[in-house]
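Handing you this structure, nothing more for now.
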Amino acid sequence: MNAISAEGELRILQGNQACALGAVAAGCRFYAGYPITPSSEIAEQMARELPKVGGVFIQMEDEIASMGAVLGASMGGVKAMTATSGPGFSLKQENLGYAALAEVPCVVANVMRGGPSTGMPTRPSQGDVMQARWGTHGDHPIVVVAPASVTEVYFETVRAFNLAERLRVPVVVVFDEVIGHLLETVRLPAPGTLELVDRPWAEGSPANFRPYAETPDLVPPMARPGDGYRAHTTGLTHADTGFPTQDPAVVERMLQRLLGKLDHHRALIERAEQVATDDAEILVVAYGITARAARRAVALARARGVKAGLFRPITLWPFPETAFRAAAAHASGLLVAEMNAGQLVLEIERLVGGAKPVSRLGRIDGEPIVPAQLLAMIERMASGGETAAAGRQA
Amino acid sequence: MTAMTKIDDRFDVRSWLREALFPHFLCPGCGHGIALRALVWAFHDAGIARDRLAIVSGIGCSGRIGAYIDTNTFHVTHGRPLAYATGLKLARPDLEVVVITGDGDCLAIGGNHLIHACRRNIDLTCVMLNNEIYGMTGGQVSPTTAEDRWTTTTPAGNIEPAFDACRLAEAAGAGLVGREMTLHLPALRDLLVEGLMHPGFSFIEVISDCTEIYGRKNDLGLPAEMMLCQTGSLRPDVYTSTVDQPFRPNRLRTGVLARSDRPGYLARISRVSDR
Amino acid sequence: MLVNRADSRPINVLVVGVGGQGVIMVSKVLAQLCLEQGYEVKQSEVHGMAKRGGSVFSHIRFGARVWSPTIPEGEADVLLAMEWAEGLRWLPSLEPERGIFIADTRRIVPPFAFRNRRRGADPAYITTRPDEVLDRVAGGYAIDATREAEALGNGRAANTVLLGALSTALGFPAEDWLAVISRFVPSKTIETNRQAFHRGRTVIEAGDLPDLSAPPAAPAAAAPVATATPATDRVTWRIEPSWCKGCNVCVTICPERCLALDQRKVAVLAAPDACTGCRLCEYLCPDLAITVSDGALSVAIEGAASPQPAAADPGSRR
């Protein structure tokens, strides 16, 4: 999806900056936000960038208003995003649910910090992984991606817009404070080389137009206000006409389509990186900044003769199940490392289904997981001395 | 905009309605139905093409009436229509964006958005239907419920003073502030037209009646009696008993209550981007 | 007819209706009464769409020991229907061998019954006659509780009339029922409700029931749009009967007092000669049901809508 051209400009960027630049490159022309550490640089960058390309930046009165304004802009037909952290992400949840039900494309960057509550605003965490999936009430479709480098923040933000538009779903880009504030060189794509996707737009006669018709790809074309469709959009469960209904059969069918969108497009959504998984006996599962420590630990373990490998989900939700099962095929044990008290490990345990021991390395003290910690765990597991229970360090 | 457009008395309200959705869901005698007529009539009189109109409404009885109007309608989350509308208007300045909200939606859960929309003077028309109650949820006290009134959550009578939404909006900087009652339908229509024509933020409070819950439980009379008391004695009597700051003085002030020519938000944006 | 309370199993009473009728009040009275009679009681209900025409139902179960709060299908000993169509909808819940059906013949046509907007289209409202239904149940009565209550001077006491009817099926002493009812109604209406309760009992016990074989009155939407041309010849007054909710606003505010509600609680131009065409009724109709057209427009309608009757198609007016 994201062809990197060698012709592109080389820049030193912070993760948060890269997120903003990626968004603008993806066609984002509206940003509404509210200051919050450690994501504020995204808003600051957008305030500078958007006017240059004819877009609009606005700092709203609160986190909820920011999310509302983003959805209002998107319903007007403009690609839109916001960014936030911890407490702000909690405040956005209700309107993320609206985006899921009314099928309004939007992108939310959540630069994760230590929680709960105000927690540690300046310290990294990966504690919002489950909230990103299940934060709003009710069953709902949502896509969550977790880049692990500044370059990847840029391209995953572009991909987030493409997915949001293509599938008419909210997409959350989660990365931690470390990546948000990390400076790295980034080779930007040459102008015009990014593949950009627009949402399906309603075309043809407004007569008999059904805004939520069941299309073969399960993504109905969206009516753009001003194009003559005069559609109704609501957060109530609705029929394909867009008008509210509580008819059980209609509601069931509509929600099944809504939830089925992600399954139908899994190939497009799922993305994962695998390092030395072909013969891996100890498979480390890690994402975001933790995956970078894990990559180092796997290399060190290999150097010491331990067949370790790394499975790094880039798409967290829906979880790349097929790729994971293949990567874990030969493993005798798994080690899930994340900066929380055990969140994605629950999904890994579900997928493994008790067939193999799953150990866990967590950290909730506001410090990133380091390679030495992981290496020690890998070696203990390889020598048979590590069990799942003993692995619960956090 | 003092020069009024010519009023077309032959205006056919039904040409603007999604007739298939009627009869509407409002209770018998509900003032919101009259406000619905006033709104579409004002759209017509203001010369707004319905394809260029977008209505954003919140949650509650007020939030549901947008769906009856044959235009681009967005029924969003509770308290947030002004936030959604702000995004929509900034993204699509070519659309005429109108917010329909209620006293709870606009002044309680959405109060923050109201004061900031006023402060920004964002180019929206905000129509707040004030029936002094949370009707959809069965009659709980709202920020505009008069003191001493019975509601399901003030079984011993309301002890909180009410907001004067118009004074609030004026103080927060709204470009145009007005109030009118459903009883005076032509005046309400004209006020709405003024609001629609005004660049910047217009805040229009519509005095409406919740007949089935608020009126019945407080013995405020039959629907028509409630409506006739919008100008007269019934409501103001209660308001004068509100000790220090009567929300609605004996003679409810109506019409345009405040107006400023401060430039709207969109005009300021374009000035910045020209820099 | 009396349910058999000698069994050890719980007695099941299902109360159904639409919002605003008092389903919950009736249920609470019954539940409180059963409690005071020494039974364990469970009551579960669905409500919340009270003012919006949504259906409301309440399960009351009482007995020496009650476990589940809901009545299994086909096991209701009594189905008390406060609205006719709701009663028919819930018929399968009634115990087929001995269940007792008590229904108010009052018809409250919900808004969604009028989805077909074609003029003269049948509303989606049940056309079954009460006697046809009573043939299908083990035992039952259909009474016009609203009219009985209105005869006592307060139509709102219809639910107490139904409580009186219900009391004949459950057999607790009348004074015990009244003691509970008097605690649930406003104190100034206790006497009216006492009379309403007794009226409900009398109607059943004396067999003073309405003629059930009469065909149902045509529901509002089936009626053609009513138009009237006042003597001035300047205006045409039209109403969309299915939109009118009978709030009486137009009747009250008309300066000439020329409007009235008909027996279906739909506004009509009762005194066309007095109408001046001021349009106040149109402006202030909360249901947007009234249209007053001036003479010129009236002519235009007739031309445009031909061969339809005048003013039959509002869509062709512009």
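Letters are used for the chains, namely A, B and C, taken in the order the chains are written, and counting of residues starts over at 1 for each.
Simple rule for what comes next: a contact is a pair of C-beta atoms (placed from the backbone, for glycine too) under 8 Å apart; a residue touches a chain by one contact, two chains touch by 3 or more.
Note that this is a predicted model, so its numbers are computed, not measured.
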item	value
Chain nearest the global centroid, as defined over all protein CA atoms shown	B
Two chains sharing the most C-beta contacts	A-B
Rounded Å distance between subunit A and subunit B, as computed from the means of their C-alpha atoms	39
Separation of subunit A from subunit C, taking each centre as the mean of its C-alpha atoms, in whole Å	53
Distance between chain centroids, defined by C-alpha means - subunit B, subunit C (Å)	33
Where subunit A touches two or more other chains at once, by residue number	none
In the complex, subunit B residues that touch subunit C	9-10, 12-15, 17, 19-20, 22-34, 36-37, 135, 138, 182-183, 185-186, 211-213, 222-225, 227-228
Touch list for subunit C against partner subunit B, complex	20, 48, 50-53, 111, 114-115, 117, 240, 242-249, 251-253, 279, 283-289, 291, 293-294, 297, 314-315, 317-318
Interfacial residue positions of subunit B with respect to subunit A in the complex	18, 21, 50-52, 54, 56, 67, 70-77, 80, 82-92, 94-95, 112-113, 115-116, 269, 272-273
Touching residues (chain side subunit A, partner subunit B) in the complex	29-30, 32, 51, 54, 56, 58, 60-62, 64-78, 80, 94-95, 98, 223, 225-236, 243-244
